[in-house]
Amino acid sequence: MNPIALLPWQSVAALLAAIVALAGLPILPDGMAPASTALVFLLVLTGALVPLLRLPTATESFVLFAAAHGPVYLLLSGITGHEGQAGLAFFALVAASWLIAWRLVTVLSLARPTSRPMGTLLRLVVPTLFGVWLLLLWEAIVRGAGIPFILLPPPSLIGVRIANSLPILAADVQQTIFKSVFAGYFMGCAAGFSVAILADRFVFLRRGLMPIGNMVSALPIIGVAPIMVMWFGFDWPSKAAVVVIMTFFPMLVNTVAGLTAAGSMERDLMRTYAAGYWQTLWKLRLPAAAPFIFNALKINSTLALIGAIVAEFFGTPVVGMGFRISTEVGRMNVDMVWAEIAVAALAGSIFYGVLALIERAVTFWHPSVRGG
Amino acid sequence: MISAKGLDLTFQTGDGPVHALSNVDLEIGKGEFVSFIGPSGCGKTTFLRVIADLEQPTGGAITVNGMSPQEARRRRAYGYVFQAAALYPWRTIEKNVALPLEIMGISAAEQRERVKRTLDLVNLTGFGKKFPWQLSGGMQQRASIARALAFDADLLLMDEPFGALDEIVRDHLNEQLLELWARTNKTICFVTHSIPEAVYLSTKIVVMSPRPGRVTDVINSTLPKERPLDIRESTEFLAIAHRVREGLRAGQSYED
Amino acid sequence: ADAVTLQLKWVTQAQFAGYFVAKDKGFYEEENLDVTIKPGGPDIAPEQVIAGGGADVIVTWMAAGLAARDKGVNLVNIAQPFKKAGMQLVCPADGPVKTEADFKGHTLGVWFFGNEYPFYAWMNKLGLSTEGGADGVTVLKQSFDVQPLIQKQADCISVMTYNEYWQLIDAGYKPEDLIVFNYSAMGNDLLEDGLYVLEDKLADPAFEDKMVRFVRASMKGWKYAAENPDEAGEIVVENGGQDENHQKRMMGEVAKLIDNADGKLIIDAYERTAQALLDQKIISKPAEGAYTTAITDKAID
Amino acid sequence: MTDRLRDKIIPVTVILAAIVVAWYVGSYAMNAPFQRDLDRRAGVTSTTWEFVVKTMSQPKPTLPAPHQVAVNFVENTFFRKVTSNRSLVYHAAVTLSSTVLGFAFGTVLGILIAVGIVHVVTLDRSLMPWIITSQTIPILALAPMIIVVLAAVGITGLIPKALISTYLSFFPVAVGMVKGLRSPEIMHLDLMHTYNASAGQVFWKLRVPASVPFLFASMKVAVAASLVGAIVGELPTGAVAGIGSKLLSGSYYSQTIDMFAALVAGSIVAILLVSLVGLAGRITERVMGARPA
Amino acid sequence: MISAKGLDLTFQTGDGPVHALSNVDLEIGKGEFVSFIGPSGCGKTTFLRVIADLEQPTGGAITVNGMSPQEARRRRAYGYVFQAAALYPWRTIEKNVALPLEIMGISAAEQRERVKRTLDLVNLTGFGKKFPWQLSGGMQQRASIARALAFDADLLLMDEPFGALDEIVRDHLNEQLLELWARTNKTICFVTHSIPEAVYLSTKIVVMSPRPGRVTDVINSTLPKERPLDIRESTEFLAIAHRVREGLRAGQSYED
């Protein structure tokens, strides 16, 4: 049987890419020793052909890992300092190692973990590899194609900038996240929740408020940012105000929806006990509403960050993530801009992740949590 | 215990009025075991819900223990077992059974004691710390019965409690329910779709028919109070079952 | 016709009237040029646009231009239509700040995005810390209007003579209600709107020729605009400017900064600007080759 | 009809009226200090009522009174040529076009991602966390740079704004569609298996129809997000056209009334878009035989 | 038709292995009506799913029509009726019945013809244009039977098709199913929880018991092929029912 037919498509594509690279040699006009060039090809071929050996999953993954990351490491260290000189061969080889990495991820996704910690590890490793490759490809393209760093800096420079600017970043995080976002988030969610309870208590209020609330949550509320700055001044209160307004309605709408989530039978049960409003609320309807409330908390976590940062475009003290982003663009320090963005994404992910963990703990009983 | 006179209940729906109960007269004495049987939509659930003050009749009169249903509900005069177990998934079995006790403000020590007792009663000793979804359907249903028993009301309203269970488990629970009834001398109103179940359990069988929902027959059982499972193969049993089946047939057409 | 893309540093307003007039009156056409004018905005850095190839020539302030050059975007000043700075700091007369000596411990509003350099240079000269506290000044990144003063959020704010100053007047302040610190008058001015191109492109004679024609037509536009401020204002509004009266008035003020519309760079002012930036470490090494007078020499006689 | 009146119209009207009253009180409270300063500088004294009227008729109030906004909105919507730079209809149309384009891109992208996640194990395992992370990046902060960078490669006009909308709107669609494509019960899938149906047949005959309600629900969220993206994308494009630019130029000249009118216009566009998507959803579901609510 | 020898199926779950089927031997001849009965979890569904190639046995051998189950599935040798009707809500009844035909690539004209014929067969003439939710539960179940019949496989696998229906409707469908079976001479495998249903319908009753799932008894019915509903009150019927009940009791403890 034709051995090519036995290969997964990623390997076949990687081989094709290697052939293209051979045609486009040299990898770089200067700056890449013949030995490293040979090593790159050797690793790529190994990675592409290893599936033929039908090795055990662990061994195969290990080989694939080396065969994907070795070449890309060599290529990236070769291109550094020779930005913009990359030819076809460079990109073809990057593509080949990326395909091998894809093969690796496929192998890992299909792997049947033998133990629990092993399974958790796999669940973390697979997406991590994906993210790492996003950065590697970015680095390779920016350096390889010689894109001016003031348009798009490579991740490595962003990393260096983060490492060198920790105090500034910390001050910005302190200003934007710990002051504006947290204050606004807690006030907005608390207010939305309280009004939801009120609306639940008083039918008239609910009937009047809900159509309005549903509508308002679709509006481009972020547009009030300049007005809030005008009203509440430059410092964090105006940002918090934007966040309050942005988070209020999703919380209101979700909580009210959640409060109707308890089944009618469960509610009738409470009636047969002649339970009061607050007893029913506390023992039945709030627990049943928890998944909805957490949904709102999660949506709001991303809204809050966006709101605070955009509001900082319209006037701030000289600290804060939004301030930094907009001024550093003006100063051509694009690496600093990306450093702030990376920090914002990290902070946002942590915020979200923590909420997701709390949600799992609190709504442990919900089928969506139990099942997964 | 329960007395209904000319009871009417009409639901106003989008497609016009639905006569869920029409001119229902019924007397249920203390300590009786009454089964309600009839095709879907004949108002069995509605009647139970009227007793429980979950639905307001639009005509006629009903008293529960000599009071209005609302008064009876306020006094927590009955336990209600729904068709599905309706346990709260975020509470353990123990906590679920304790729920009515919490609401009635019973002391923690007393709660513990009663929960233990009722869980023993339904053969769920040792499962108190589990969550509902960790139990089989039959066990969940027993937990929900335990919850209705926990506060020791004299009247037990059960709406197809065993509908979702398989025949064998059902037989077993039927036996236990009879035993419990005999021991505690509660009044039980029991909705079912199964003729053998109705005949096996009841002292009185109420046959209903739909459109409008009304009582077409009330059959008093002649079976002894002591009923082993194989009484169901006795001629007397079959005769009553036959009468129930005939009553059901008379009340409805087969086209659905 | 040869295509030229011009990136402005701000939104369409009379600050750029010369270019709009030149386009509208066909001065560019006469020079066989097809000019596209791209307005800017609060978060558009013209230096970034030109580095990315989105424009052939940009309008920017010298401080920002030199800072970009320091970062490796080799910008060269080819003409300097604005001879004087329009920026000033104003404080309400009934407020706490009357003189430079009163700044300590107060809050001053400044624009960023390249406009903050003259302010920092000035504070540097005064020896005031910009980190806040009793001995320094608290700096605000102010919004693009005069609300901070009206809302009393800052003790003094930055305004342009041709723009925000008049918004204050519109808001009911009379000139005598305001204390003005004008950067030009104090000798603290850094050069504002100039025309910049990329150095390597300029090496191409064809491009150089195009720029000569462009500058010639633009300066003709400026001259016309300065002489006919009302018409220029209308042209700006037709091109997307807001508020006709405001634009006409702005044109009148801008004309004062243009001087005789020859676009020639005053070398002294350049040296002073470059030195101030170096002193403040806004640029890391002395600027070299950041301007050429060749274009204006050829364009204007 | 009377039910509708009792359950909806009256409560909503009452709450809206309460909001308007609160708004008037607010605009008095917020505009009064400046008016006092102004009067003091001009040396004017006035009666209470005159003073109240003056706070409601400032040309650049801190908080414009509802009627000021209404007048401005009506004037700039109905009494301007739609091609005029001052017409809100014109600006709304500009914003609408990039919203719709971005929304279309976002929906298609979201669906493609969802299809990938449902069918390719590798993507299922590796993509989801990054899709969530992608939304924690403050893309709005990046909007100016994106527009500059895209302009550098020759993409200008509608597309850069639309891309920002795309970035915001693909997320709800992707998440909703993953849920939707996975919504068929096991039994429905097994049924297909007993027919020996191919993956394509399962997809078209089962997964796609089953996901339709999810699709429309998430499209409603996506279209609102899309609008936000378009507006924020307009902020840095030089205040040329669009509701975002209207907000921005309003803020340069403290034209609060204009800003509020622009916000109202934006809100109307939002409501219009969301209701259109909702309507499309209802029609589709009706055609597909969903039970009328 | 179906022959299983020493069939084993073990599920690997988080809590350890579950022996769903253990050493099952069974022969089913052409044209038989076989009922599977047994308590919850005894592997009835699993056995049907093995026949249908929805589950792979972990041991033993099984052939369907002399082929492997996979082969049989590829050839579309059987129709499967699930416990719930499992109709697609976005398709009309007609379209639902046509679904397997579409997938098998049968021409539109032929599809129309067959859909009409099978809908007539289950007494749903005239309901083709309705959507599932516009029909009662019993009618939906008949539509799902029609769908399984539409492509005319010789073998019909039915997993508690009438579980969710009330007794009266159920009786009626039972009659109709028997009639259909007599007319078409298909082989039917039928899972149920109800003893009377199993006895009434089958030529062969397979009694199963759980943990591990195995066949404990196979009872061949002595009832005639012609069975009016009141055969269920005959002594012969009761005798078979008794034997089934005994078989079930023997196979299980009541603790669940």
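All chains are identified by letter, namely A, B, C, D and E, in their written order; residue positions are counted from 1 within each chain.
The rule is simple: a contact is a pair of C-beta atoms (placed from the backbone, for glycine too) under 8 Å apart; a residue touches a chain by one contact, two chains touch by 3 or more.
Everything numeric here is computed off the predicted structure, so don't read it as measured data.
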item	value
Among all chain pairs, the one with the most C-beta contacts	A-D
Farthest chain relative to chain A (centres taken as mean CA coordinates)	B
Where chain B and chain D are represented by their mean Cα positions, the distance between them in whole Å	52
Distance from chain E to chain B - Cα centre to Cα centre, in angstrom	32
Centre-to-centre distance between chain D and chain A (centres being mean Cα positions), rounded to whole Å	23
Chain A and chain E: spacing of chain centres that average the CA atoms, whole Å	49
Contacts with two or more other chains, residues of chain D listed in rising order	62, 144-145, 148-149, 152, 235, 248, 251, 254
Interface hub residues of chain A, defined as touching at least two other chains	151, 226, 230-231, 313-314, 326, 329, 334
Residue list for chain C, restricted to those that touch at least two other chains	42-43, 45, 48, 51-52, 143, 147, 151
Complete list of chain pairs which touch one another	A-B, A-C, A-D, B-E, C-D, D-E
Chain C-facing residues of chain D, complex	34, 37-38, 41-42, 59-60, 62, 85, 143-145, 147-149, 151-153, 156, 235-241, 248-249, 251-254
Touching residues on chain B, where the partner in the complex is chain A	49, 52-54, 73-74, 76, 78-80, 82-84, 86, 88-90, 99-100, 102-104, 131, 133
Chain E to chain B touching residues, read off their complex	39-40, 136, 138-139, 166-169, 172, 193-195, 233, 238, 242, 248-249, 252, 254, 256
Complex contact set, residues of chain C against chain A	42-43, 45, 47-48, 51-52, 64, 67-68, 71-73, 112-114, 116, 130, 138-143, 147-148, 151, 153-154
In the complex with chain D, residue positions of chain A that touch it	102, 105-106, 108-110, 123, 126-127, 129-131, 134, 151-152, 204-205, 207-209, 211-212, 215, 217-220, 222-224, 226-227, 230-231, 301-302, 305-306, 309-310, 313-314, 321-322, 325-326, 329, 334, 337, 340-341, 344-345, 347-349, 351-352
